[in-house]
Amino acid sequence: MQKVTRDILVNKAKELLANGTVDRVYGWKKGEFAYDVTPALFKSEKELDEFVFGDFCGANVSKYLVAESKKAGGKILVFLKPCDTYSLNQLTTEHRVDREKIYAVGIPCEGMLTGSALKDKVDSVLSVETEGDTVKVETLYDGVKTFPASDLLPDRCRNCKSKKHVTYDELIGEDGEVLDSGRFDEVEKLEKMTPDERFAFWQGELSRCIRCNACRDVCPACTCEKCVFDNPKSGLENKAAADSFEEKMFHIIRAFHVAGRCTDCGECSRVCPQHIPLHLLNRKFIKDMNTFYGEYQAGEVVGNRPPVVNYTKEDIEPSEAVKRGE
Amino acid sequence: MQRIGVFVCHCGTNIAGTVNVEAVSDALRKEPGVVFSTNYQYMCSQAGQDIIKNAIAEYKLTGIVVCSCSPRMHEATFRKTAASAGINPYMVEIANIREQCSWVHKDTLTGTEKAIILGRAAIAKVNLNAPLTPGQTPVTKRALVIGGGIAGIQTALDIADAGFPVDIVEKKPTIGGKMAQLDKTFPTLDCAACILTPKMVDVAQNEKIRIFSYSEVTEVHGFVGNFDVTIKKKARYVREDICTGCGACTEKCPQKKIPNEFNLGMDTRRAIYIPFAQAVPKVATIDPDHCNMLKNGKCGVCSKVCTAGAIDYNAKDEFLTEKYGAIVVATGFNPIPMDKFDEFAYSQSKDVITSLEFERLMNAAGPTGGKLLRPSDGEHPHTLVFVQCVGSRCEACAEKGKEYCSKICCMYTAKHAMLTRDKYPDTEVYVFYIDVRTPGKNFDEFYRRAVEEYGVHYIKGMVGKVSPEGNKLKVQASDLIENRQIHIDADLVVLAAAIEPDKSARPLATMLTASMDTNDFFTEAHPKLRPVESPTAGVFLSGACQGPKDIPETVAQAGAAASKVIGLLCKDQLTGNPCVAHPDEMMCSGCSNCEKVCPYGAITYVDKEFRMPDRTTKVRRVAQVNEAVCQGCGCCTVACMSGAMDLKGFKNEQIFAEVDAICR
Amino acid sequence: MTNTKRMKEDILRMSGVNPRKCMKCGKCSGTCPNYDEMEYHPHQFVSMVEEGRLEPLLASKSLYTCLSCMACIERCPRGVEPAKLIEAVRLLKERQKDGNHLTANDIPARIDDDMPQQAIVTAFRKYTK
Amino acid sequence: MRKIAKSALDSLFAAMSESKKVYLPVDGEGGARYQLWTEGTVLSEAVNTVRSAKDFFFPQTENLVEFKMEGKKLDVIDVRRETEDFVIFGVRACDVRSFDILDRVFLGAPVDTYYKNRREHGVIVSLACNKPAETCFCQTFGIDASAPAGDIVCHMTDDTLFLDAKTEKGEKLLATLEGVTEPCADSAADEQKALIRSRLDKLPLKGLTADKFGGDKTKEFFNDPAWASLSESCLGCGTCTFVCPTCQCYDIKDFKTADGVRRFRCWDSCMYSEFTKMSAGQPRLTQKERFRQRFMHKLVYYPANNEGIFGCVGCGRCLAKCPIQMNIVKVMKKLGEGGDKND
Amino acid sequence: MSVTNEEYRPLIVAFCCNWCSYAGADLAGNNRLAYPADVKIIRVPCSCRVNPAFILRAFQRGADGVIICGCHPGDCHYTSGNYYTRRRMALLFSMLDYLGIEKERTRVEWVSAAEGAKFAATMNDFCKTVAALGENKRLEDLRCKK
């Protein structure tokens, strides 16, 4: 599926390490299986032997740059998919990363598979191979199964918002365009439900939450020094879901805190061990902000002012805002 | 844990009539932290306050809850009481059981129940209160006045009179402003120069006042009491300290054909010039756009004739930074441009003029030496038409005019009409008006005199069209009272142009973080109660920069602004509002969201070194609140995702505690 | 609703004019080139419509002496647009005159090759109730 | 040993439900999870539930005690109630082993009475794994997925479920099921066991051993340079901990209710930066230290205190759920390799 | 039949900004304009001080309705605070609605210091609306129930 190969990236990394542009590289290391690559830091040409790249390298590594860019040393090389570049811009806007310390190489992306989405469809995966848009999965008990890639891609890739890199120091391959995605379709579907149906839907989803905090900890917008939910002084602290209220509180407040800052990278839903479609909360805010206050894409431009910290004198009244769709 | 005393007020029967005060004080006695609870007829009375003071001493109270009327009534009273008994005034909370309970609920049972809940919320809050001390910042005892018109002059004089140094920054080569261009003033008809120029001289001679003429403010930093202002002194190529204002240079300069701004281009000046005879400072200025010496190095006549040796062709713009405690904006107004009003033929005929041009035509020091002559041919005009409301009171969306009433036009038009008829009884004067607005002392009498004694023709209606034909101006207008359309062959048409704030005001407002309305007038802190202060602490408003004004109003406002400034500068220290935002630096992520929403620019960011929990040191970007500037709205606390920003006196945990107490 | 009231509403709807915006300055009439030919002048149209005095207007030949030069619209400082109001009164009058001046059946006979489609539609709209 | 036709499972659960509540894995949004059996509930065929079965004995949150205040009077209320009997059906071999591991913690002195109460009332009906997944490595810890422990051990073939009571509790329960089951030879499930064993042999993680770990290996591994790179991209979330059947750490917190204070405990994760925070702060300040703690506990500290038994059962949940795909298998393979000398 | 069978009364938390709405509530008191005692007011300096977490907390603790009152847009004592309130609450309320939580339980109302009558009328109306919805079930925390 991916048009760039491991070798192209490794050669680029070696070149930049050799000429001193960077002194370390964020990339991926091979795992036990086809799908379990791990983001990792490579500090020398020799270490790059373990560098892998493929259709499961979907993790948004921007968040690691928050800590990494503040460390001493030279620049860090990162390979960013189009959606990752939005996160990097947003983090730059919020002064959370030192952009000067980062050497971003934009890489094209054909959509990234994820282990969890794959294993929703197939059990006991031994190996995965992609040829063009076909994915061949070898299994323990059901032989080799073939899927069109679109069947296995997670929502964030099926409804990819942009193949354009909004920031990079160097680009591999051609840059793409901002896409007209159907990413709000699912939100609209929910909006069209009756309140009772919506409540039942979310109750069902959110009640599975185990408050492992994976969504928060992977989120490139959640970079607070200390999250309010971890801080006893905040009045919001709670450690593990105690009842249905706490889950709602956590997810509403988290979505509110990232509103206007969330780039819709979809990492929250990717990592949720309970497959809660958390991106639908963030997308609701994005959609509302677009309709109420005009189109806004977090991370599109460094220094942009998110709608929640902005206003116009003619803004919609809250009473009108909830009337939409009636 | 606090030791809290609860004091329930009967307010006569105001509270006790609907609330069982005994039950309230009994119930609240059981709340956590409460060590004393009582009720009394009038807590705000001396006797009531004594109960509080005694209880503080006897029970070693650390927190006070008064269940009484609205805190807007007596919070200050009880805070003083607490302070006089030795506890921090901010350890007092009021439960409003009168306006928001006994007065709106009829039933004693529900009233009492609610009073207890409100009391509980106040107790829950006090439990988490911390003593607050208002911040103190020193005050730089010097004021800056931006604008040297009558508003700025009066403000500066009044401030200087109180003994404080004042600097005036004026962008033109002389102070005096619009008033210096006026001929006579309504309704007394005294000559503007006669009353203004002595004030200008006072300014020049006052030891406390420095004039930065031909200068502009380019940067403003700091906050109330502590502004740092950068002033650009534009190069005038004449040394101010040496020039004697003799005028020899202005006579000899070979560049003669430069339109004279002071007379609104109706005559000419030289490339080196003194705007008018009474200019302050009376020094020459070289106009670099027209000076041959500056443009191509060929001339130098002025330098040769200057016996004082004041000419300096190599002068450069100078920048100086000064400290001020207060800033007064007095940037004034201008008539709006008339080029969009084709119907009045302003750009087609020289004989269609604005009222300000008319002032110069009538002025003894004006282009015609005070004789009313037509600009086109220098003939004496016989028929004059005055048009009121040109560009004023236009629809909001109309691009050419202003929506507001310019306020001064009715009176000066009456003045012009009257003066014309007085000096030249052979003239016919027509004034077209929509309404004649004369609310002011002796104003309507003045207008009536113009009609009754001087025979000015006031016609209710508007001029639709002015067309130059030969040496006449064909004026077509409606006369609504007579229900006819009239045609007048006029010799001179005078347009009462709307006035608008000076163009320098908008960038200045940005520098000062002072707010403006859609018309670029500065907004006051409160339209009724704080009309001369801007919402930005330490920035005051004087004159027409705040809205259209005539001279007496301007002077009155100038004096009011001065008294506000004096009040500020009298203080050695400024006591702030202690309920200000406060960041927990260890929690701050440095994202700038709080900075973005702060209406006062009170938040800045610094890079600071911290010792982290993992025993390393780290440089982090964190928010800093300038407590002297913060007004305590709390907007930043919600914009802050990490909860690092909190508001003293209304802390998150306090509000949570109140919510919990109410919902218990 | 009285007849006058309905007529007034029709006029306001057709013209899109809000006569209450008028500040009675008379600039419209001051600018009107055909003032003397008009029994009622532009500013009067505005105030008479607002006050509901429609009968005299409908009976007046002023309806046809307005040149529709739009000078009053151009000059009005409050954006009242008197000419549009006059046009609306004129239209109302036309529509009142014995009802329909034109029926759909009349049209084929009147068509000639040079007549633009839009003119037919406009005429139909103007002269039919 | 007794048996019942697979098609008649409903009657089995119905019979069990007569005396006890029956919980069993059910497929749902996002995977299988334990649910109370009611008429029509269908047993999941998934090899593992998303959350482990430890919830039954050690729930995510549990009330310990309540305090009520009136004026200055403080009442302490014990909220413990005798738990009703219940059955957990379909527990896999790994999860069954996890109960042993939890028992050693909670039932050792001082006994955790909350845990004990639940444990005593639960009957464990285990089910051998017909299709162990690629992430399974229970064999590493000596667990035989073809022959799990439990009060009753079950094997399922295409058409039949075999039930074999192993404990007194199990026999009692099985006795109540005589009406719906029929007896069969003790060897009836042997064929199925053999099939499972052959499948276990083919698992990709079959060769993984824990031989190099054990209670005496603290010094060997504590300062292993590999910890730095292994923990490099750890997000510090609690996913691995919360899906783990053997993680047993908890925090005790107070919650202010309408009229008092409720003291409860809830799962905590050693991966969290706030874990075991004391007045002087968290003893493990970096993610590397926290990461090391979790795996050292499973592979070294736990065996050190528990006769060499490892604290991991090889269920593979963390392999499937970790957001960055770091897991105990990678750790076991990497440690002691001697690479990564950079740190 | 028992006489203690009380009619259901909702619990309403009202956040009022100090400068306009709190004064408006005082004015309602001054003019003796009655509204239900179900309304309990919390004073905040500006409506923009109201954190969405406060609102959720009120619901958690048993409130049946939460109303936020501030100065009319354009009249904020702090010039722009209520503009931010308006955005935050529009988004929050829309999100609550999206989660299927009755939107009638939350409201923002602009009440000036002169609008005592509006304050009382607003509270009467809000109490009626919330009372009609009944107890808050969708955002309740069972631990906080008596």
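Order as written gives the chain letters A, B, C, D and E; numbering starts at 1 within each chain.
Assume a contact is a pair of C-beta atoms (placed from the backbone, for glycine too) under 8 Å apart; a residue touches a chain by one contact, two chains touch by 3 or more.
This one's a predicted model, so the numbers in the text were calculated from it and none came from an experiment.
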Contact network partition after chain A is left out of the picture: one piece
Between chain A and chain C, the fewest steps along chains that touch one another: 2
If a chain touches chain C and chain E alike, it appears here: B
Chain occupying the middle, per Cα centroid: E
Farthest-lying chain, centroid of Cα atoms versus that of chain E: C
Chain pair, B-E or D-E, that carries the greater number of C-beta contacts: B-E
Taking each chain's C-alpha mean as its centre, the one farthest from chain B: D
Between chain B and chain D, centroid-to-centroid distance (C-alpha), Å: 71
Chain A and chain E: spacing of chain centres that average the CA atoms, whole Å: 37
Chain A-chain D separation of Cα centroids, rounded to whole Å: 30
Computed distance of Cα centres, chain B from chain A, in Å: 49
Set of chain D residues in contact with two or more other chains: 255, 258-259
Residues of chain B whose C-beta touches two or more other chains: 597, 639, 652, 656, 660, 664
Chain E residues counted as touching two or more neighbouring chains: 52-53, 57, 61-62, 80, 84, 88, 143-144
Full enumeration of touching chain pairs: A-B, A-D, A-E, B-C, B-D, B-E, D-E
Complex contact set, residues of chain E against chain D: 61-62, 143-146
Chain C residues within the chain B interface of the complex: 21, 23-32, 35-36, 41, 43-44, 71, 75, 77-79
Touch list for chain A against partner chain D, complex: 31-33, 35-41, 43, 59, 63-64, 115-116, 119, 123-126, 140-141, 204-205, 208, 210-214, 216-218, 226, 230, 239-243, 267, 270-276
Of chain D, residues touching chain B in the complex: 69-72, 256, 258-259, 281-282, 285-286
Interface residues, chain E side, partner chain B - complex: 11, 13, 22-23, 25-26, 28-30, 32-35, 37, 40-46, 48-54, 57-58, 61-63, 77-81, 84, 88, 120, 144
